[in-house]
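Structures incoming, each one as structure tokens.
Shared between the two complexes below is chain A, which has chain B as its partner in the first and chain C in the second.
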Partner chain A sequence: MMSKLIIRDLTVEIVTPSGPIFPVEQFSLSVEPGEIVGLVGESGSGKTMAMRAVVGILPRSAHIASGEILLSDADNAFVPSSQQSHLRHNIAMIFQNPTSYLDPLMSVGKQVAEPLRLHQGLTRKEARTEAIELFRKVGIHDAERQFDVYPHHFSGGMKQRVLIAAALACNPKVLIADEPTTALDVTIQKQILELLCRLRDETGISIIFITHDLGVVSQLCDTVSVLYAARIVESASTIELLNAPLHPYSLGLIRSQPESAQRDRPLPSIPGQPPALNAMPSGCRFLPRCEFAIQACKQPSPPPLVQTSAVRSNACLRWRELQTLGLNYD
Partner chain B sequence: MTEILKVENLNVHFKRSSLLDLMRRKKLVTKAIDAVSFEVERGSCIGLVGESGCGKSTLSKAILRLIKPTSGSIFFENGNIQELKGTSLFDYRRRVQMIFQDPLGSLNPRLTAGEVLEEVFYVHGVRKSANRKILVHSLLDKVGLSRDVVDRRPGALSGGQCQRIGIARALAVDPDLIIADEAASALDVSIQAQILNLLRDLRHDMGLTMIFVSHDLGVVRYLCDDIIVMNRGQIVERGGIDQIFDKSTNPYTRSLVESMPGLHRQDY
Partner chain C sequence: MERFKFILFRPLQLLPVLFGVSVISFVMVRSIPGDPVRLLLGTRATPEVAAKIRAQYGLDEPLMTQYLLFLKNLFQGDFGRSIVYKTSTFNVVAERIGPTVFLLAYVLVMAILITLILSTWAARRQGRLPDVIVRSYSMVGLGLPTFWLGIILIMQFSIALNWFPTSGYGESVAENLYYLFLPAVSITLALSPVLIRNLRASLISEMESDYATAARSRGMSENGIYFSHVLPNSLVPAITLLGINFAWLIGGTVVVEQVFSVPGIGQLMISSIFARDYLVVQLITLVVAIAVIAVNFIVDVLTAVIDPRVHL
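Presenting the complex of A and B:
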């Protein structure tokens, strides 16, 4: 039985001596069962922070200021976020650097078996059998022998597989993958992406995939949300977003991919840099870097995310014009 | 076109015998660079690609004369760099410069950006402080930084700004050959594009020769004329953009190119 995850108007606050800052603002996302959702943004745009809030592992200085996180249970009824344990049991997370999330003094098998013993009350023997089964599922060959091996024997790609196995141990409904392939080589990255796809097909798990690489998104994700300076600026299906972005920032990101650039021309880049959290511009946050900005963009509060069609939403005031302009890549 | 750099049958081996192996009289070596030969033409941009551990960085270090090759030789403008001494070595160090991957890690956190750049001029003989300041300013203009960054330390600069300082430092002494080791891969996409453009423009304006070490094939395709694919310390293939990306028959090159996550927009 798979579940649907809904995040509604999530805002995360960090109180600093110079006043509160908001690394995530009015973040809304809905994840259908078996869907792979991409979360794209630059460092500091709040993608990791939003997901940490969902799993309940925010740093001590941060807390959820408002918003709700809902995960449907077996009867398709939504359980509110106040019941943290429901979320924690059903949402698992994997991280960018597998090495630092594995205990170097514990065999990899034990680390996968640990949650099984703690949460499902399995005996040592049962947990071992189950863990070996999980190892097979994530494509670790010779699983029985690898159970007693320590993390330093494993390559980065294999460690990431171990981490995925541990995340899947208690049959989560949603897997949050925070840049799981950024530290890996392209050939290994491809294997891990294929693994995630296969797991989704086999188990119907939903995946939220955090990345800054649009190429990975185009290969893996069904829908994608683009974050800029703590806010979602555009959500759409992957195909729609990549072919017809309706927010200048998404457009800029797609254009600045070196893969799609022509060699004899300068790479189209977005001028300037993202604003700091404690010095957000008023109005649209992309305004200082935007080539489509008009006077209306300077309104006091950032433009809200509006639905532009049944499955798309956008936070640009001029999205209609951008649509008719039929923005192309030149 | 003349060649500026020529690597001939270069080998760099590292010993990796444990104490036990030595007691058993076994000597194990890792061949980090294994019989590598290539030339670099003046003014060209060579991409050096391969997975981690394939010897890209070891090769760059050998060219910079930071590690001693086990055998083989490297010629820079027909002079063997192993034989350089004194002033000729100092001159070689000036003419071959490196840009590092980690923009923050390669700058001294206790020096301001201005001091980092001035130091280079001081070492290379500009003893008058006022003259150094002028040179630093013109350098900042060249890499697209505003002049007020001179008083800031790396911690107060963004990743993109730090990388520009790193590039400025490499350009300060008017080098002939630049080795850029993953110079853009630690940066965000929108900043990465700015840095790639900067490198591209500088290369054309100053007539630099560049060796661009990267694992990102997309970046290499955009920036380089010629690509060397390495695997396990050996050169697997060398060729132009078309050769590597479209026509290669080498299985390793193919697997690399096919793993590249491109934007698949066509299936819309």
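Presenting the complex of A and C:
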């Protein structure tokens, strides 16, 4: 059974002694069944925080201030976020640093069997059989024997496979992969990406893939959303976004990818730094670093994300002009 | 195999430590000014009688000879005679060790239960009233001396309310639980704050750990996460700390046995020091050293059992 996920206007608030900060603001994303959606943005832009809110595992200090998270059920009806907690395992997550996300004192097999026993009410023995099956599915060889091994005997790539198996044990409709390969070697990275693709093809699971590598996005993702300073600035199909970005920040990201650099020129990077959460500029948050900024960009509130076509949205006031200008890589 | 070897060979490493302890206790107890024979006989004894007794216990030999004799006898399983009790020191100590072991076990059970309950209660409700109460308790309790606690408890619950006896030791387990309740409470009150502080802090940090977050993302309940991930991971530092505090615990027992007149080896130790009953003091020191080493050994084994990354 496949499900569609809709995240609408999600805002996450952290109350600090010097006032509230919002690491995620007005975040909207929809994920079709079986789709792989990329979420890109510089580190600190709020990717992890947004997805933790969706899964229901925000840190203690943070909470969802507003917004909805809806997941369609068997009758294609959308279940509101107020019932999220009992739906939590329908959206599973894997993480950037697989080592710290596994309990060092519990065998890898048990950690996969745990959700099986919890959600499917399996006995210890049935869960073991099922977990071994999941181990095979995620490409752990000699699964039978590896069941009782402790995490510290596993390499990073193998730990990530265990985490994927544990996530699949929840039988999720959506899998959120938060930079799952950043901590891994390039060859292992490729294997994990292939595994995620294969899982999508075989089971029809939807995937939200967080990365800052646009190369990976172009290989893997159907659509992509770009996050800057807690807000989505552009959403489009991968092909459209990579070939014809309509937001200056998306353009900057594309230009600063090593693949798009020209031979004897230094890698162009976006000048300046993203703003801190407690010192957001008024108006467009990219304004201080933007080469296309005009007076109107300084309006009091950040420009909202508007639909620019059936499948695209954009938060730049000048997107029409930029379209005619034809943003390119030079 | 590794584990087996450790359990087999670790006791051998004990020998040099015990040798050191025996030398130090031998020298220290003899460097206290005073003469056991004088203390035993009082001022009226004739020098002849005193010399006879001194010879009988080998106290007229040079120190080195005395020590070698002590060692030689030790290897033959002879711990020497008590000058006060006129019988084998082994019997003297064996007779008095029961109450102390009982008291230590009582305190351990009490302290472990209280630590588990209060730390859990506080950590699961971090920042709320239970946490504030437990934190205040561990803050205040940290500075309280055991003897003072003991005296306060006697005044309140034995003298004012008459709920508990002021002193002594029972005959059956049930009686002992009753007689040693206040002594055990006063040591527990002094010991538990440091344990609670430590366990509460590790529980809280483990609850916020990444693997707990991952388990939460898989829909596990907070209770499930607590018992299968958070508690086991917090246990290793807690057990280590308890092991480190065991020597302190024995010190506390000596004090409390004195305050509550519990006829244990703590009390025996003090009276033997006052009487300069050298061999009794030396034997108790050895027993305590063995107990401390044994406890640390148990801590190491438990740690390795809980944590697969630890090799013995």
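As a convention for this text, the second predicted complex is superposed on the first by the 328 of 330 C-alpha atoms of A that agree within 3 Å, B and C clash if a C-alpha of one lies under 4 Å from a C-alpha of the other, contacts with A are read in each partner's own complex, and residues count from 1 in each chain.
Throughout what follows, contacts are C-beta pairs under 8 Å (C-beta built on N, C-alpha and C of every residue); 3 or more make two chains touch, one makes a residue touch a chain.
Model, not experiment: these values are computed from the prediction.
A.B. asks: In the superposed arrangement, which partner chain does A:R136 touch: chain B (first), chain C (second), both, or neither?
C.D. replies: The answer is neither, since A:R136 touches no partner chain.
A.B. asks: Using the touch criterion from the header, give the chain among chain B and chain C with more contacted residues in chain A.
C.D. replies: B
A.B. asks: Please indicate which partner A:F95 is in contact with in the superposed arrangement: first for chain B, second for chain C, both, or neither.
C.D. replies: The answer is second: A:F95 touches chain C but not chain B.
A.B. asks: On the A-aligned overlay, A:R8 touches which partner chain: chain B = first, chain C = second, or both, or neither?
C.D. replies: neither
A.B. asks: Per the contact definition in the header, classify A:I57: touching chain B only (first), chain C only (second), both, or neither.
C.D. replies: Second partner only, chain C.
A.B. asks: One more residue to check, A:D213. First (chain B), second (chain C), both or neither?
C.D. replies: After superposing on A, A:D213 lies in contact with chain B but is clear of chain C.
A.B. asks: After the superposition on A, what does A:S43 contact: first (chain B), second (chain C), both or neither?
C.D. replies: A:S43 contacts chain B only, not chain C.
A.B. asks: Could you list which residues of chain A make contact with chain B in one structure and with chain C in the other?
C.D. replies: Of chain A, no residue contacts chain B in one complex and chain C in the other.
A.B. asks: Over in the complex, which chain A residues touch chain B? Could you list them?
C.D. replies: Residue positions touching the partner: 42-43, 185-190, 193, 212-216, 218-219, 239-240, 242-243, 252-254, 256-261, 263, 266-271, 273-274.
A.B. asks: Could you list, by residue number, the parts of chain B that touch chain A in their complex?
C.D. replies: Counting only chain B, the residues touching chain A are 51-52, 158-161, 188-194, 196-197, 200-201, 215-219, 221-223, 241, 255-256, 258-265, 267-268.
A.B. asks: Can you check the complex and tell me which residues of chain C touch chain A?
C.D. replies: 126, 208-211, 213-220, 224, 228-229, 232-233, 306-309
A.B. asks: Show me the residue ranges of chain A that touch chain C in the complex, using the header's touch definition.
C.D. replies: Listed in rising order, the residues are 55-57, 59-60, 88-89, 92-93, 95, 97, 100-106, 114-115, 118-119, 150, 152, 163, 166-167, 169-170.
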